[in-house]
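Two complexes follow with chain A in common, the first pairing it with chain B and the second with chain C.
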Partner chain A sequence: MKKIKIPLISLGLSLITGIIVILLIGKNPLTAYQNLLQGSGLLPKPSYAGYKNMFTDFMVFLNTLTPMVFAALSVVVAFKAGLFNIGVSSQMLFAGFIATITIGYSPLNGFIAKPLVIIIGIMAGALLGALIGFLKYKFNINEVVSSIMLNYIVQYTTSFFINTKYIDVVSRQSKNISPDASLTLKNIEIAGLKIDIPLGFVVAIIVVIIIKIIINNTKFGYEIEAVGKNKEASTYAGINVGITLVKAMLLSGALAGLAGVTYYLGLNLSIQPRTLPTIGFDAIAVALFGNLSAIGSFIASFIITIITKGSAYMSSISKVPAEIASIIIALILVFSACGAYIKLKKGAK
Partner chain B sequence: MSDYIIEMKNITKKFKGIVANENINLSIKKGEIFAILGENGAGKSTLMSMLFGMNKPDEGEIYINGQPRDIKSPNDAYKLNIGMVHQHFKLVSEYTITENIVLGNEPMKKKFGLFPHVDLKEANQKVKELSQKYGLQVNPTDIIKNTTVSTMQRVEILKMLYKEAEILIFDEPTAVLTPQEIELLLEVIVNLKKSGKTIILITHKLDEVKKVANRCAILNKGKLIDIQEVANISTQDMARLMVAKEMSFNIYKPTIELGDIILDINNLCVKTNIDVVKNVSFKIHAGEIFSIAGVSGNGQVEIADAICGILPCKGSIKFNNIEISSLSVRERVNIGYIPEDRHKHGLILDFDISRNAVLRDYYKPQFCKDNIILKNEFVKFADSLISKYDIRCANGAKTNMRSMSGGNQQKVIIARETSRISKLVIFVQPTRGLDIGARQNIHNEILRLRAMGTAILLISLELDEIMQLSDTIGVIYNGEIQTIKEASQLSKEDVGEFMMGVHA
Partner chain C sequence: MDTIIIDGMSFSLPLLIAAIGCIYCERSGIINLAIEGFMGVGAFSGALAVVLTSNIFPQGGIASFILAMTCAILGATLFSLLHALLCIKFSANQTISGITMNILAIALTTFLTKQINSSLFNKPSAKLELGITQKFTIPYLSEIPIIGAFFQEIYIFNIVIIIVAILAWYFLYYRKFGVYLRACGDNPQAVAACGIDVVKTRMYAIMISGALSGIAGISFAYSIFANFSSNIYVGYGYLSIAALIFGNWKIIPTLFACLIFGFSRSLGYSISSMLELPSTFSDIIMTLPYILTLLLLIFFSKNNKMPKALGEIYDQSKR
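Moving on to the complex of A and B:
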């Protein structure tokens, strides 16, 4: 109960502030909030297009949710080790790019291609994450600085290769991957509906449980947390602080890699050059909102995705600008951060 | 008009119930060098921080030039022409010496009569004049980060002089300097005095006091013991007055036969920025309490860290006849170690008791199987420590460490480090900041271990503790062991003199 108090209060305060803002622009906040749920497939819409209903909306919602879950877990693992992984976005992009050019454009069939996409995504993300950890361990380079720099490096190098080698001249994006490599089965006809089936979501649920166990029940989890909370005492305990940091960033990067492949080879089928996915940054808010726990950030991802996913429908139906959604998310972050601060102050007394 | 420039009357200051200064009366004459002597924690710095406006006295008054003054902040102090040279310099490392000195009070000039800007030329000139006047050699255009520690100190002094300070407080100014630099600094201090400044020197180095000071006040445990003309008192007497005279109640310590040599250290050297430990050698037997006495910062903590593998070292460390000096911390984890700073090193404050109870053992088979930690075993073990060592906590093994009192936090560390069957336990400042009851418990625990035949290394700044418990005492000064003797052959006064490096 104590654990979810701050997130609940943050959410409540943010929603109330959202109501005030929506009232100020002269719209009905209740219909606006209802629209958010409708847009996410959690409440029925008044009407649907052909082959669509609330269930298909919900599957689209899960598809959007999947990369967010992985990205938030990535932030959580880094946070546990006392590191601020602000490079989730570039780790995502790097993993998505590598998986796209190796498997996405290959003629492999689905049963081989899909697992390979996941494995390559994990490895590419882990590589980049471990690099950040290694720079910190070996040269004491602040992880925030190296992550931000890597964000730019990855953004521009991938964009160079996409523009010169893989560009689709019509869409100005990379060419679409083969459907066999996609982690989301698109437009599958079942019972008169066209459904997107996000296979990545199944993986996400398994990974949430694995990460929860790693953090709470393994020797490695104990070491990560000890290092994150007190490096000197960890050294005294005989923990190799540097190696632990590298390992934590490796795991964090691997999770970001999963976020990347479910985003670029699932939710989307192509990569927009010169653009970092905003999910990588939103994930920081989500992880904080989720109390920096695995299950917590899963729930937080769910709530935040309702707001982001439903905002398009809200703006088209109620004419409430979609930016309101960003305001609410920003407020959740502010309130969560305040809560964390209050907790810290209380703890210090 | 009184002839004293500073008078501190009935000054009392308490921090969280601990009396740092008790009813202190002190008067300082204009133009003298006044030394304030005392051990660590005697209350020297607290007393001066009140003069400099960083703390406010709970009781008592401060008179400057005969006027009662309420000094609320260092800015107030500057206005009264009081300046302080801190132990840790407060300089902008990217600025030049001149820029640092004039910062906050820059000579201004207007370009074309319109645009005000700092007149660096004039500033450099002023700094040059000041430095020549007082013999403080600096190059005004050097960047601070490229200069030496002693230059930075001179810059700090010039900063005070630039602000026209008449009273200069030096807080342990020689702690960071080499012997040659100390000589230069003492010369500077004498020069400053000659030009009419009043100098207050906070220190525990007696030879420096003897060299330059006119009078000295000796503090002990927050009380003013004596004020003397330096010419009339020997350094030995000063050392004696500095160490506590408190009645120490005796504790029952049976004589026991010494066992085998457990720890054998030969020519141990530790280098951090400077050589902190120089060629230290000693042996500890089973059932022996070996203490290292010394003023803080003389290398004793580094010895403990080196034994446990936290600091790299040269020389030989034999534990049970096995050379361990190149092993990792983990491979030496069977040496019990109660570190000096329980919050920084000994505990993870945001973990609960159970997770702290296994901090150095969590990976061992009884607590960890196939990389899965056995949390129930953590709790069981913590519960056993809680009942065995009478640890007071609100929620049992799940109590957050941060919410506990210092004494109980220390108990957790001691319980953890002594419950392991270990042939050697190192205690560094085990009773720091604890009340009498908690101290008594810890002393009993140390004696219990001794009775079981454990070798004990006790490192403490408190002479009382060392005198009460030790079988053998080694005194360290400046990284070197001055003497090693059986406790019965050393008086407290002797130890005090060795600690200050002035034993005849």
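Moving on to the complex of A and C:
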């Protein structure tokens, strides 16, 4: 109960601020918020196109949510080890790119292709993450700098290969992957509806539980937290700090890789060259809002995705600018960053 | 050759001034990842001032330039107070606060730009169009072969940045304030024991960082990019942070890091246009500065040390 108090207070305060802003530009805040939920498939819309209803909207919402959950977990694991993984975006892009060119364009059938996509995504992400950890351990290179450099390097190199070999001249994106490799089953007809089924979401739920167990109940998780809290003390306690850092980044990268394949081979079917997915940066915020815990970041991803996903519907229906959504998210973060102060004051009383 | 130097300088210098601001902040013990946000708000305030007064002061003129600069500095400094409030008063985690500032800055400036555009100018765009400030060439000096290019087509911004950078360097290393500030980052308790107000010093450091990032932001907006929108500065804040970590939190090595970024960027562009390579190859060339930096870091970062008390929340009772 104590843990969720501060996130709840910050959510409440920022929603109130949002109401004030929406009132100031002369719109109705209640319909705006209702639209957010309708756009995410949590409340029924007044009308639907053929083959669609609230349930199909909700499945689309889950599809959007999946990469965010993985990306937030990736940030959480790095944070636990005292590392700041600002390279989630490039790890996502790298994993998505490798999986796309190896499996996405292959004629493999779905039962082999889908697990392979996941495995390759994990490996590619882990490789890039571990590289950052290794550079820190071996050469004392600050992880923020190396991740930023890798962000640029991955962004431009993948763009080069996409533009020279895999470009779709019409959409200016990479060619679409084969439907067999996609982690989302698109437009499946069930009971008169066309439903997107995000298989990645099932994986996400399993991974959230695994990460929670790793952090709370294993020696490795304990070592990561010890290193994150105090490197000297961990060394005295016999923990190999360098190796732990590399392992933590490996795990963080693997999770980012999962985010990458669910984003590029699930939510989307192609890669836009020269663009890092913004999810990688938003995930930092989501992880912080989720108290840097596994379950917390799942809930936080859920709430933040309602706001981002619903904002498009909100702006089209009640003409409230979609940017309000990002302001509300930013405010949630500002308020939850003050959480330490609220705790401190309570302690004083 | 000339264009490499001209473009290289006008990209490196804004990076440098933002990095110097960040050095002030981090040497005082406050982690500052909010450079990007400060730059954005600075660029927005400056650009807004230019657009609103373009009837009175023609765009690109001296008056408009001074106005843009002042508003950028004021706007960014005001915004940096929010980071100060969170880090100092509310003892927030400084990394978290910095990231939050960036997200808030992008959200706010995009929202406000759109609102202002649609209500004042009746166009639904997320951009404030700006001209380009005057460039000038110094006679005689500019005629020296090769080096002369450093004195050709200089934006006024570059001059301002060089002057401010030298002042900042002098104050950080040779004035009492700079010594206290650096001491705050290594051992705040000792500084407090000497009767100096740690909280105030850190607050000034954050404000300086805001002001300098404001200069950087408006320099990008009002020169090479010639507009304000949220995507003109995204990435450059983190790049200048990379530069200062590369420079081991010292101003002179940071200058070299910024020059590496700026010059390899302009060198890359002109090589690809000289060889008449298809535009896709420019992607490969664009990776050069970053690969180069990583390689250099492998050799030079063994002795990198951050300020000792960086990121620690100052607690008077710990003394």
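In this text, the second predicted complex is superposed on the first by the 339 of 349 C-alpha atoms of A that agree within 3 Å, B and C clash if a C-alpha of one lies under 4 Å from a C-alpha of the other, contacts with A are read in each partner's own complex, and residues count from 1 in each chain.
One rule holds for everything that comes next: contacts are C-beta pairs under 8 Å (C-beta built on N, C-alpha and C of every residue); 3 or more make two chains touch, one makes a residue touch a chain.
Note that the structure is predicted; figures quoted are calculated from it, not measured.
Note on chain A: of its two partners chain C and chain B, the one contacting more of its residues is C. In the superposition on chain A, contact of A:P321 is made with chain C only, not with chain B. Judged by the touch definition given at the top, the superposed model places A:P107 against neither chain B nor chain C.
In the superposition on chain A, contact is made by A:A237 with chain B only, not with chain C.
Shared-chain residue A:P46: touches no atom of chain B or chain C. In the superposition on chain A, A:G192 makes contact with neither chain B nor chain C.
Look at A:K219: by the touch rule set out above, it reaches chain B but stays clear of chain C. In the superposition on chain A, contact of A:K229 is made with chain B only, not with chain C. Residue contacts after overlaying the shared chain place A:G26 against neither chain B nor chain C. Counting contacts as defined above, no chain A residue meets chain B in one complex and chain C in the other. Looking at the complex, you find that chain A touches chain C at residues 25, 84, 86, 135, 139-142, 144-146, 148-150, 152-153, 156-157, 159-160, 163-164, 274, 281-282, 284-285, 288, 321, 323-324, 326-327, 329-331, 333-334, 337-341, 344.
Across the complex, chain C meets chain A through its residues 33, 82, 86, 89-93, 95-97, 99-100, 103-104, 106-108, 110-111, 114-115, 235, 238-239, 241-242, 245-246, 280-281, 283-284, 286-287, 289-291, 293-294, 297-298, 301-304, 306. For chain B in complex with chain A, the residues that touch the partner chain are 308, 310, 328-330, 333, 337, 339, 344-351, 355, 359-360, 362-363, 368, 371-373, 375, 400, 402-403. Partner chain B is touched in their complex by these residues of chain A: 217-222, 225-226, 229-230, 232-239, 347-348.
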